[in-house]
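Everything on this sheet refers to the single structure shown next.
Order as written gives the chain letters A, B, C, D, E and F; numbering starts at 1 within each chain.
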Amino acid sequence: MSGIVVQNIARVAPDVIDGLAACGVATVHEAQGRMGLLASYMRPIYAGARVAGSAVTISAPPGDNWMVHVAIEQLQAGDIMLLAPTSPCEDGYFGDLLATSAQARGCRGLVIDAGVRDVRDLTGMQFPVWSKAVFAQGTVKNTLGSVNVSVVCAGALVNPGDVIVADDDGVCVVPRDRAEAVLAAARAREAKEAEKRAKLAAGVLGLDIYRMRERLANKGLKYV
Amino acid sequence: MSGIVVQNIARVAPDVIDGLAACGVATVHEAQGRMGLLASYMRPIYAGARVAGSAVTISAPPGDNWMVHVAIEQLQAGDIMLLAPTSPCEDGYFGDLLATSAQARGCRGLVIDAGVRDVRDLTGMQFPVWSKAVFAQGTVKNTLGSVNVSVVCAGALVNPGDVIVADDDGVCVVPRDRAEAVLAAARAREAKEAEKRAKLAAGVLGLDIYRMRERLANKGLKYV
Amino acid sequence: MSGIVVQNIARVAPDVIDGLAACGVATVHEAQGRMGLLASYMRPIYAGARVAGSAVTISAPPGDNWMVHVAIEQLQAGDIMLLAPTSPCEDGYFGDLLATSAQARGCRGLVIDAGVRDVRDLTGMQFPVWSKAVFAQGTVKNTLGSVNVSVVCAGALVNPGDVIVADDDGVCVVPRDRAEAVLAAARAREAKEAEKRAKLAAGVLGLDIYRMRERLANKGLKYV
Amino acid sequence: MSGIVVQNIARVAPDVIDGLAACGVATVHEAQGRMGLLASYMRPIYAGARVAGSAVTISAPPGDNWMVHVAIEQLQAGDIMLLAPTSPCEDGYFGDLLATSAQARGCRGLVIDAGVRDVRDLTGMQFPVWSKAVFAQGTVKNTLGSVNVSVVCAGALVNPGDVIVADDDGVCVVPRDRAEAVLAAARAREAKEAEKRAKLAAGVLGLDIYRMRERLANKGLKYV
Amino acid sequence: MSGIVVQNIARVAPDVIDGLAACGVATVHEAQGRMGLLASYMRPIYAGARVAGSAVTISAPPGDNWMVHVAIEQLQAGDIMLLAPTSPCEDGYFGDLLATSAQARGCRGLVIDAGVRDVRDLTGMQFPVWSKAVFAQGTVKNTLGSVNVSVVCAGALVNPGDVIVADDDGVCVVPRDRAEAVLAAARAREAKEAEKRAKLAAGVLGLDIYRMRERLANKGLKYV
Amino acid sequence: MSGIVVQNIARVAPDVIDGLAACGVATVHEAQGRMGLLASYMRPIYAGARVAGSAVTISAPPGDNWMVHVAIEQLQAGDIMLLAPTSPCEDGYFGDLLATSAQARGCRGLVIDAGVRDVRDLTGMQFPVWSKAVFAQGTVKNTLGSVNVSVVCAGALVNPGDVIVADDDGVCVVPRDRAEAVLAAARAREAKEAEKRAKLAAGVLGLDIYRMRERLANKGLKYV
């Protein structure tokens, strides 16, 4: 089932992708019904990055980064590479040379359920990576995997062309055919939050804004 | 046993609390006999914060942040919210809206044996959080917990009104009725440390300052 | 087998050590055949440090830092202390007082398969530490260990006088008698990488630079 | 996206399911190209069970087992329940009462990426469970999830009606439309293995059976 | 704060303790409002044991089992020893010699948030242990701890004389002054469960026994 | 540095090896000064096995078991295979076919800092394995490693020909040139333990046997 490279994948319109990036992970995740979040162990190598892009997916054997080279040829400007190893692995599949190559093709970042290295250089290049580990352990190039197939990455199903949103809160995947609707929902959510934020900053309690007091009392909450 | 909100809790005098903050976690922990430290997995969302405050405690079901709203009403200026889930959970109970509300009431930070989200915004607001995880996963508001009851948080017993001290080294709890004595001990310790630091910086060895050579020899240490 | 301090250990020439520091962990690790890397849980307390030094090794009981005081006397300018507990432990063996003492003797940093504390002060002093944990938990001084004996630290064998290289990617150990050869290999590697980086930045693919296309086809890779 | 119960799901023919059970997890996993394995932390509560069944899937909130009651009504003889929490949780969603109910409907076991309790009783009933944890922590019944929707469970994508195979080696999922082909491949594999096993037991080396010597030499293996 | 042995502790009546043992961990934990459960990593060294006893608590430094010897003198028939290290540790504090001594005094088992060894012998002696790890690593006898003081063990607060209930599901602590009431509640629960079990075994659904259908519909559950 | 098979390794005399097996892990580990223990996550696939043998070591890439085939040819009766992956991996390198081959050559078991599969068959064959994981995930045969070189396995340094002792308590390595002395020390220890066990079973306290009371009092222990 491996050894396949899918070359033509559908992508979401750039303005939708950029809109999702602006909303950020927490808002997008809420807006799509709390689905698509990668596991909490996926952490950014530096703070402050917030990106979105079309997923170019990689299924790779443990300790073998051959498919990353294959995937880079498939990258278009605005893409994010996402790698899921076929069994758990923390090796450093990716470093500054591969980042140079990916960045030259317009790639916006990497999401990898494994390790990354050269993080000082990657930080200097402002090439953001979300990974399970930082680990200098090298890899080999001996066994095939696949590019642009469905993968489960850090507990989430990702199809090629899905939108990946990533920031300091982690990584969220938005299915391609839902991206536009999710963006609308996320923006609606942001609008409401601005209003709530103003009230809360003024000292109004969530208990009152959300009218929770009666429901709490019905459930039996007792003030003593 | 849940569904209770204790409204009037005793607190420690503000100058004692501020004194403990100035000493920091490592010193306070030593000064009270190496007790009260939360587990090492409790990490700050950004470096450099150092705070102390009176604990407003929250016992919450996994994946349900209803009680956070209830707790915010109980906050006074100078408090720190501390949340312990009733079973292990990494969900993001808390984000920038709740932080806005808590900050409006003078809350100095959050200690949570679970997850937090919107960390970029929280960092921008300078609202410090010590947590087990950063995770955008949302929560529901369906099940009661309690506010201002005794909890075990990240391995430490915390009673409402205890002083929470938190910095880059982690989080320490000081029992309310010991806070004044611990502050005195912590300041005494700091005074001594200044003197030792000067000697050590001048190249005098700890082996000599602490007169360890004889005891090491008695135990059988051999130089070869 | 414990209770021993080896006083005279051989060290590598300073320029070789400094050369290895300049190459960094990922390059050095590759240059010596992908050996000697410590486990990925060894993380720096602050970003950006890159050091190399001769290992002064410490084998210490869990929760007992007595041997750190003994080891400091053995330090020479340019050394790095490396501590391996005799069984897994996260206690804070080391803080700002010990760092002051070590720094006064020219020590360049600490690698510890356990905990460290006072990280705010250590950051202020620019004394870099790579550790398994940040934990304010104190230690006692009751049981002997050894200094400058062979240890297994975070999964890697370290002999006293080996060169420790550490940066944001983690920690790597270079056996003393291989240091010069490894430096030569690392520099050769760096020279080649500069050339490759330029090509990759210009958009040439790794598939072509490394001539992978034929071998991938032979293995059965299919483009669809 | 939650709050849905799909009632009519397609299932694989019973003899195919039973054939897959007889082959066991390791063989089935190999036969389908090394896909579909759940994470290694999924362990049986007692040794020796080997079952296969049609997946009735449950997506449940953390700490809330309401949907298990809903799912039991959907069970047919020969089914296996498979529960994935919407965020990581180790609570004991399932005990002997639910097992009694499930067993009364012909359910063959439970696969749960969370906790289970009453394991002594479950063992006595010979109701096998593969779980992430054994934990007596109870759950509530306050929030909806879904039954018979696609879920990611312990890192593997599972659709309702897929075949679950489970034994002491762990748990593997076979997509419904591939079950028959996988069974054929698994049986072919078993036939070959019997022959190899006899040779190996007689002392013939795998190096010779699989003709590895030349390829090893070509790769550069050196005997010294 | 350490270095204390409390000699006279109050204990619960033997028939209450034995009653709690007969109910088992899951039932007792439910009966006391889902409190007092130790973390799920506390596992028995062999399956099938179910015991209850009065807690003789031990607070011990990491890697130092001196206080176990002190605690054994405090044991009475029917007691269970419970050890919490002052910082996380997996060393083997306890083996067959200590078990022989404890068993000679009528001790019913050990609960230890650390390691145990000689598990083959302990199994042969039918001396049950619930531990965080099995680890042959030995300990020293150099530093004081305390016996019969309050401890936090695997996330639960335990006071000396509290009742410890332990079986294949884990470990639960019942506060001394609540033991009788909890036993009554546990027995009431068991009575009800027998009735429910019979109905469920006969094929009646929990959805009907617990009248959940209306509440599910009100929450919005949809059958499709 | 990989791609090497060392064919002639020195081994310890069979009666010494068998003597160490009879003593078991905990005793041997104590007898050699508490060194050489593998990490506590190394667990047996079934309870009750106790073996010792000469280490035939394997250094293997993650997810690649080619070297196991190479190693089997190097096995002699009484050997134990020990595999350390070059970076962390839980894949199932070994199953019943390889065990059949190894057993045919007199191999007594496997110690593997990675995964194993077919554990039901291995249990039936009484071929004991100590591993980090049970995981059906298969491996490839594409990359060289080495056989009979020094490795760090689960935190312990192992040289080919060292004696491996393994039982329910875990795994311990005894350096080849110390095996005879360690056996003598282990037997002396056992002799003393028998005497102590009799006293302890008769109710004499360790406090008195080991004369601890005075030293405890000097340290400041207080009975209250």
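Keep in mind that, in the parts below, a residue touches a chain if its C-beta (ideal position, glycine included) is under 8 Å from a C-beta of that chain, and two chains touch if they have at least 3 such contacts.
What you are looking at is a predicted structure, and each value in this text was computed from that prediction instead of being measured.
S.K.: Taking touch as defined above, what minimum step count separates chain C and chain D?
M.R.: The distance in steps between these two chains is 2.
S.K.: Strictly by the touch rule at the top, which chains does chain A share as contacts with chain C?
M.R.: The shared contacts of chain A and chain C, listed by label, come to B, F.
S.K.: Please state whether the interface between chain A and chain B is built from the same residues or different ones, using more than half shared residue numbers as the mark of same.
M.R.: different
S.K.: Give, as an integer number of Å, the spacing between the C-alpha centres of chain F and chain A.
M.R.: Chain centres of chain A and chain F, defined by C-alpha means, are spaced 42 Å apart.
S.K.: Cα centroid separation between chain A and chain D, in whole Å?
M.R.: 28
S.K.: Please tell me the distance, in whole Å, between the geometric centres of chain E and chain F computed from their C-alpha atoms.
M.R.: That gives a centre separation of 31 Å.
S.K.: Name the residues of chain F that each touch 2 or more other chains.
M.R.: Answer for chain F, listing residues that touch two or more other chains: 34, 37, 40, 86-88, 90, 135, 137, 143.
S.K.: Any two chains that touch count here, so list every such pair.
M.R.: A-B, A-C, A-D, A-F, B-C, B-D, B-E, C-E, C-F, D-E, D-F, E-F
S.K.: What part of chain A is in contact with chain C in the complex they form?
M.R.: 3-7, 46, 66, 69-70, 72-73, 90, 92, 95-98, 100-101, 103-105, 115, 117-120, 123, 133-138, 141, 143-144
S.K.: Please give the residue numbers of chain F that touch chain E in the complex, ascending.
M.R.: My answer: residues 24-26, 29-30, 34, 37, 40, 43, 47-48, 50, 167-170, 172, 193, 196-197, 200-203, 205-207, 210, 212, 216, 219-224.
S.K.: Would you pull the chain F residues touching chain C in the complex into a rising list?
M.R.: Its residues touching chain C are 1-2, 32-35, 37, 39-40, 86-88, 150, 152, 155-157.
S.K.: How about chain A: which of its residues touch chain F in the complex?
M.R.: Listed in rising order, the residues are 61-64, 86-91, 135, 137, 140, 142-143.
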